[in-house]
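Per-chain residue numbering starts at 1, and chain names A, B, C, D, E and F are given in the order in which the chains are listed.
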């Protein structure tokens, strides 16, 4: 197995632990190289480094994304956080805490996006 | 003891646990109301909420600040992180991880600021 | 009346003057503590400070939010600005001016969001 | 012809070369002065400066907008880039490259917006 | 007098009212065209528009710059604000207020920069 | 030669073409893994992709960094741009152009940093 195959495999394993092995497929359709970079590099080489736990990595990913207040790219992380056992209450406290460092409109966006995630999850369990 | 005094006291207790009860004194000198808000509200009401551990709060504070790449306001958090037992290696991994979500220049700034903090600590222990 | 009740009351009074006592109810439903912080702290302790007029506070809130170009969290402030007598022309001049400091895409977002607010207001007065 | 008329004319000529002489009409409707500034100043005085080629200006506009990850204001530039001959592959490489400097959520937003542009173009050529 | 000369003259008049006719000379030395654009366009065409007062324009400029937390480009505006009669107390309240929308590290930077401005002014009046 | 060695080698080759094979050594000293990632991944895998020219990649890197207005991380790119033949005039036009999309304080920072780079180069050629 080549180095590339190995790191892609490692990336998919992390994504499976996070319950999101079917995300970023829009990248795959638009430009396969980007998908390979996201899975093989971001997840296969960075997320899989052993010095921080998966929970730590998810917490700090949520914190940076909420701070940067990007329109997209955070929904999947709320799902992963819940999937690996971070509670709704802890996520809300993280939103409030990060909001002090990034400002109230960052809170407003996080509330909107997290509410969308919770609604979709409710819908799926019906 | 009034509510204000209580939350100010709670804020100072958190700051002591973080080893930084002498920070933000430039705020106190410039405009005491701001210092009261920072200690009494940010630390006394937000940081002291029980739903997340102090370690979690320090990790996500570092993550948001590194993501936002502000020129000042992060040095004291590197010190606090080390003070409460987050290792240098974990901080470096946090910088690398957040850098994927905020970009390489955010890594460059974090490396500069964390290096300054480490140099100052070396100086103090001589 | 406790300190908490007093500042919550002060916050609601400010929100009433701004014509938006029914905003942020999504925060209330999702996590009541956040709603209490937004009303009691942001509006009850910060907005209610006497050293700047309500008009000044609305102008600088619009300016920071337009500069930060957040996807949500500004619509209610366009409504409040109009409610307290800042004219449509002044808001447009503020958008143009802030755009010079935050860039043309910040203008594009502000135009989109302000147009949505004006359309909704037209709808309501029919 | 007055200076103002001249620069407005120059701005419209650039916009025609970019295949977007019908953009920003929402600005015209909302507040004509803003439209005059955008066409006459941004395009008539800045984009029309001779020291950089139109292709260079479009590449660096895309790069800044993708880096800033604004919710609106970039779609028209993907269209113009394609219109003047920058290929889909080059745009995707630009997105990946800028993503390293602005972070993965900036890539996620760019992918979403560029996909919307491509879908709309497909629709129009049917 | 040509249109260009007129707007440059208007720009210098605004800058004089703001007590900063000697700023941006580093632009003039590095690349005169940029200086002409800054004086003639930013100040001559935007700041000189009559629909907002000079005080309003300075307040919203400070608000956007503090929100964006740029390393440079704000010092001159603290000086201008004081020059046209906005008090130190009002500036501090603006910093605190904007800090709620842009986060505590934006406050930390504003405090650092405003303190530098005040120290330099003290020095000059000795 | 392992995959890792190959991409590190490719990264160093790009850095040599850019005249900056001695940059980022502070990363190497602080945490060698980060240096390996920067050279081997950012330069060895992204910058070395063939679909965009080195000139294009330098132009869009400058554009994103100027837009993001980071305190550090851009100086080396001004040097590389000059090294590969982008002229001072073109860099100034790029700064002005990007400034329209990121705002005037981004121009102010770019002028400061580019001036520092030019001064250091003058010093070295004495």
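Everything below uses one rule, namely that a residue touches a chain if its C-beta (ideal position, glycine included) is under 8 Å from a C-beta of that chain, and two chains touch if they have at least 3 such contacts.
Here the structure is a predicted model, which means the values were calculated and not measured.
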*Which chains are shared contacts of chain B and chain C?*
A, D, E, F
_Most distant chain from chain A, judged by the mean position of its C-alpha atoms_ = E
_Counting residue numbers used by both copies over all numbers at the interface, does the chain C-chain E contact come out same (over half shared) or different (under half)?_
same
_With centres defined by CA atoms only, which chain is the most remote from chain D?_
B
*asked:* I'd like the Å distance between the centres of chain A and chain C, where a centre is the mean of that chain's Cα atoms.
replied: 30
*CA centroid of chain D to CA centroid of chain F, Å*: 24
*Where the centres are mean C-alpha positions, what is the separation of chain A from chain F, in Å?*
29
*Do you know which chain F residues sit against two or more other chains?*
37, 42, 64-65, 67-68, 71, 89, 96, 100-106
*For chain D, which residues count as touching chain E in their complex?*
2-4, 37, 41, 45
*asked:* Quick check: in the complex, which residue numbers of chain D touch chain F?
replied: 42, 46-47, 49, 51-52, 56-57, 59-68, 89-90, 93-94, 96-98, 100-102
*Can you list the residues on chain E that touch chain A in the complex?*
67, 99-106
_Residues of chain C touching chain A in the complex_ = 26-27, 30-31, 33-34, 37-38, 42, 64-65, 68, 70-74
*Contact footprint of chain C on chain A as seen in their complex*: 69, 71, 89, 92, 95-96, 103-109, 111-112, 114-115, 118
